[in-house]
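Read from first to last, the chains carry the letters A, B and C; within each, the first residue is number 1.
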């Protein structure tokens, strides 16, 4: 078989699945808003409520991504450098939340920060006042952090393990301070991983629905807005338009990360 | 080839083969749940004691109706999405959603044998929807969770700062009980179906008290004390009090409230329409209606309610404050209200 | 290698560990006590598990089988696809690569709605697991493909393949005898990812499921909303008990391959 034909044969199953079960249905969805007029596509920009929701989602996702990258890198570096009994177990426990559906994470935050939560009970014992954070922005942020950290920790641990320690040794022997080492050795060494990991964390945070659904916060994110439109007398055209906007935004970020990062990043995103 | 690769190969083969054997019939469309099934959208086991009703349907008619946890808005949306080839046979939702469902063409006409027992105004003339039971909206209060604060007695009470963080209400834009709450507040505070201003103002004022606004039934959260005061129906409160033995009290606000019917429809072109009809028949039969009565709902066929169940309701003098409204009008203005709520209050 | 003490990193690691583990422990304990508000004083019990089993028992096997099928399907479709991607330099291949990651960017609700609108009419398909499986497939395929493609692209592997070809091996022999064993660690890593994603998938599944095809995450969401806290917690514990061994098993397998084969 010629290499060309071989290539096509290898590609065929995946292409068939993807074409039939995503491309085609999406084509249907993309033309849906047109039924209500061309301006429906721009609804996310023209309606203040949708624009606010999009801004909320992007802002939250960015904040979560930043926090996750910093914390994940810190933990990854520590776990890569230190050996202690149970390290392997700790790593697998820390990556466990990757398998959790968003609803579990919402439930956990309620267990921690709801009215009957641990923090409320502790606060009541200490100060007499119940501190509840589960249903506000704090709760949502912590929940998003909860399901984003495992991904960062797993990625950064692997990356830190394969980082070249000779550079660091050289810098240290030349008298570089800890802070200088962070800036000149760690950051550049981990840059491709950071970009790739950050993009995936951002994409996941943008599309997260189950967590916000369980927590029912006032802070409205776009997936919840889409759900609202969907259940508000089956307003599919608007739901489709908002979905397209969200998808486009997320894809742009993933694309930009791939471009900026080059081949090393591309593999991870 | 070494042991590991052989092991991996064997595992992979086993997985693929078993998956294929298991999936093939499913993919080829064989019905997984055999024989007598009827799919209901929005039959949550913990709501209105549907669990008992579903069990009774199974034992008396042999039809299995799996429980389903959608709310009214999700039910309608799903029915419309699946219009070309429905998954559900019957649907349960608030009256306004029934009216809209007929407009969207997802229901079909069916008059069960107890048709004449259902009062006018509580059923669609052609049978696209009909009431099975009603409830009255009020405060479902977990007294223990209030930690000594007085139980609120009026809508105005809820606005007091002492109740901060203790209040919850279902989302008026997607859950029927949420919308009913809004209508009740509106009527009680001087508004009308044409003017939802008072309700919107009330919700805005309520925001200062940090309410929790879930989208789906939150019975469990009241029991656990997570939500101390929930705008919910009398039947949920009585159930918590008498069945689950929780320290829950039901309050009909002093300014007044509303009584609303919940309806069911036969889905148009449902897969098991005959079974759906049998299930509906049972729900409207004496036995089915008695189950609602024992769960503290008002069955639409009033003859079914027993003295003992009646004694557990609040006295009739309290219920005098809860009035029915023009449900058809309520349906017409729902979408506008939802939009306004999402715009002004969210 | 010298290991300078890093108190800040240690502190962060400890905090993150507590943050991650505390809710899990809380939830586990909530599922085992008689009454959450009273706490341990109310005594330990397993009666919540009975209720979970009665109400949601079917969801466990369903989710596991779904995830396993998803892994099998992504391996069969994804590994050859990854090979083609790693070996090709054409623009079309790059475009295809971009396309298959789109399902990750688009919200699950939208993909689900699109599937219902496009294929909802085929009644048998709509009510079967195949419908949910297909949704999981398009979402998880890019993860498998990308992981394995980066392994295939390694220059050592290309050299190995060339050597085999020059020795007269045909494509089937090269692929199954040389390439696949060499990227086995990647395949296992990809499978782990796919399994994890599928077993926890909620966004898509919530819209695609019917009352007869509920999965574990959908059941969990139901139980949190309408059942007692203890039942929700017990159900979460069931999720742990069922998913953890599989994850650990796959991780162990991955380590085994890594030790044997080095290229990953």
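We adopt the following convention: a residue touches a chain if its C-beta (ideal position, glycine included) is under 8 Å from a C-beta of that chain, and two chains touch if they have at least 3 such contacts.
Source: prediction; values computed, not measured.
**Student:** By label order, what chains touch chain A and chain B together?
**Tutor:** Expected: C.
**Student:** State the chain with the largest centre-to-centre distance from chain A, centres being mean CA positions.
**Tutor:** With centres defined by C-alpha atoms, farthest from chain A sits B.
**Student:** Go through A-C and B-C and name the pair with more C-beta contacts between its chains.
**Tutor:** A-C
**Student:** How far is the middle of chain B from the middle of chain C, if each middle is the mean of its Cα atoms, in Å?
**Tutor:** Distance between chain centres, rounded to whole Å: 34 Å.
**Student:** Cα centroid separation between chain A and chain C, in whole Å?
**Tutor:** Distance between chain centres, rounded to whole Å: 16 Å.
**Student:** Residue numbers in chain B touching 2 or more other chains?
**Tutor:** 81, 214, 224-225 - these are the residues of chain B that touch more than one other chain.
**Student:** In chain A, which residues are in touch with two or more of the other chains?
**Tutor:** 116, 213, 227, 230, 236
**Student:** What are the residue numbers in chain C that touch two or more other chains?
**Tutor:** Answer for chain C, listing residues that touch two or more other chains: 36-37, 73, 76, 113, 117, 221, 224, 232.
**Student:** Which bits of chain B are touching chain A when the two form their complex?
**Tutor:** Residue list for chain B touching chain A: 71, 73-74, 76-77, 80-81, 100, 104, 145, 165-166, 171, 173-174, 207, 210, 212-215, 224-228, 334-335, 338-339, 342-343, 346.
**Student:** Can you check the complex and tell me which residues of chain A touch chain B?
**Tutor:** Contact set of chain A toward chain B: 49, 110, 114-116, 130, 132, 135, 213, 216, 218, 220, 227-228, 230-234, 236.
**Student:** For the complex, which residues does chain B have touching chain C?
**Tutor:** Contacts found on chain B: 1-2, 4-5, 8, 12, 15-16, 18-19, 22-23, 26-33, 37, 39-41, 44-47, 66-69, 78, 81-82, 84-85, 87, 214, 216-220, 223-225, 271.
**Student:** Would you mind writing out the residues of chain C in touch with chain A in their complex?
**Tutor:** Chain C reaches chain A through residues 1-4, 6, 8-10, 12-13, 16-17, 19-24, 26-27, 30, 36-37, 73, 76-78, 80-81, 83-84, 87-88, 96, 98-111, 113-115, 117-119, 134-135, 137-138, 141, 145-146, 149-150, 153, 171, 195-196, 199-203, 206, 216-217, 220-221, 224, 232, 236, 239, 243-244, 247-248, 251.
**Student:** Okay, in this complex, where on chain A does chain C touch?
**Tutor:** Its residues touching chain C are 1, 6-11, 13-15, 17-18, 21-26, 28-29, 32, 71, 74-75, 77-79, 81-82, 90, 92-94, 96-104, 106-109, 111-112, 116, 118, 146, 149-150, 153, 165, 169, 172, 178, 203, 206-210, 213-214, 222-223, 226-227, 230, 236, 239-240, 243-244, 246-248, 250-251, 254-255, 267-269.
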